[in-house]
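For reference, the structure is listed below as structure tokens.
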Amino acid sequence: MRTVVKKARSPSLQDEAIFLLRARIDAWLAEYVDCLDSKRIEAWPDFFEEQCFYTILPGENHALGLELGLIRCESRAMLKDRAYAIQKTAMFGPRDIRHFFGGLIIRDVRPDVVHAESNFLIVETLNDEMPRVFAVGRTYDEIKPAGDSFRFKARRCVYTSNLIPNTLVIPI
Amino acid sequence: MRTVVKKARSPSLQDEAIFLLRARIDAWLAEYVDCLDSKRIEAWPDFFEEQCFYTILPGENHALGLELGLIRCESRAMLKDRAYAIQKTAMFGPRDIRHFFGGLIIRDVRPDVVHAESNFLIVETLNDEMPRVFAVGRTYDEIKPAGDSFRFKARRCVYTSNLIPNTLVIPI
Amino acid sequence: MRTVVKKARSPSLQDEAIFLLRARIDAWLAEYVDCLDSKRIEAWPDFFEEQCFYTILPGENHALGLELGLIRCESRAMLKDRAYAIQKTAMFGPRDIRHFFGGLIIRDVRPDVVHAESNFLIVETLNDEMPRVFAVGRTYDEIKPAGDSFRFKARRCVYTSNLIPNTLVIPI
């Protein structure tokens, strides 16, 4: 079931509380991205609720409301399995991966969950090569307040290319 | 006539009101960018005043104070014509276009208009190809408060390449 | 000696003062980037303290705690020398260079200095060529309040590629 409210207007731009919330989520996403870029993959699942949903799927599927994706995890335990696999079993050459995100929109604010979206840009640098744009797309996030920070209840990462990036070793 | 104040310092960084304004404009630009990226081109002219100015021009012309550009619209009605043309008559292969903007500067704040600038980065993904950086540049905007949101009085998009991006089908 | 606190959590996301500080630094970095992109190199050293440290170094060296870099300046006077060299003596073809930064993290706030980090992306456009991603990486900054603005006490720019970008004519 699609829970993303596509056509809704963002909450009023007059509302100061929304901007503080947006600023807090922006700062938290910056920490999330740094966790991935610095390859502290073991800390990655901690950004998610125990009961959560994480997927990376192509734009075509997302447009049709199909959740079938390259990666699909339905709990933090599954994310931990994947983190372990990335760190211990995956075979891939050394590379730097940088995540950029922009255009953050707070779509909907409910007492227990915030719906947010943003564009992402991933730049990959292989040893002895120039950097290249590896993937772009949009994330559709459901974010829960958790103490003085946040956790993902759901994160859907929709990439725009039909090409399956077969070297997608670090999550989005 | 050039209305962009190039050398002026931004308003004082001590002023909290400026940061709320900057945050509001940042959030509004995120909505603008999403309108384009999600190809809701029919809604694009609504981000502009009835009496407005929109242009996409090369850096060389901008540096000389010449307004001659790839696209030039002098009213919302002209933007609507262009939006209609993009949706109904233009021939182009399917592609995803993502806009990123950054480095937002509030140059000048007057009672009825805010001068703002930011860098833009456009990434294009053709079917079965990897994403590529399509265009970069800087926008020089005149933004008017409109109810609880904003509208462009003027938007000048200055791209850096001499190459005319002949597949520029989605506005900036 | 490495002064960057790598594993520390950012200051609490509940703290509103932190968000105003983050917003101010974000706005100031936007001015810094614009100074470089608009090639006002003579103004670049003014963003630094008299006693300061500036380096551009590869990720490999940074990971090992080695400060050896492509560029290394240990005072504003050295930055002025370099700015003069860029403007008066360096030979390079015309090009546009755009800096993007994202994922700003406020790592540590002390009475006289703020430790901040962010990712950077540099896009270069040569005459009659398409734009290309020239460099990506992360900056580790020590920032001092200075009047109603800021100045760098230290700025370490860590790029991810092993390739030495031999056309790095504009600073990061």
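We call the chains A, B and C, going by the order they appear; numbering starts again at 1 in every chain.
In this section, contacts are C-beta pairs under 8 Å (C-beta built on N, C-alpha and C of every residue); 3 or more make two chains touch, one makes a residue touch a chain.
Keep in mind it's a predicted model, so treat the numbers as computed, not measured.
Peer 1: Do chain A and chain B, two copies of one chain sequence, contact each other through the same residue numbers, with over half in common, or through different ones?
Peer 2: The interface of chain A with chain B is built from mostly unshared positions.
Peer 1: Mind checking the rotation angle between the two copies, chain A and chain C? C-alpha superposition, nearest 5 degrees is fine.
Peer 2: Result for this pair is 120 degrees.
Peer 1: In whole angstrom, how far does the Cα centroid of chain A sit from the Cα centroid of chain B?
Peer 2: 26
Peer 1: Two-or-more-chain contact residues of chain B, please, as numbers and ranges.
Peer 2: Those would be 23, 100, 102, 121, 132-133.
Peer 1: Which positions of chain B touch chain A when the two form their complex?
Peer 2: The contact residues of chain B facing chain A are 20, 23-24, 27-31, 33-34, 37-38, 96, 98-102, 121, 123, 125, 127-133, 148-150.
Peer 1: Please give the residue numbers of chain A that touch chain B in the complex, ascending.
Peer 2: Against chain B, the touching part of chain A is residues 6, 10, 12-14, 16, 18-19, 22-23, 59, 100, 102-106, 117-119, 121, 132-138, 160-163.
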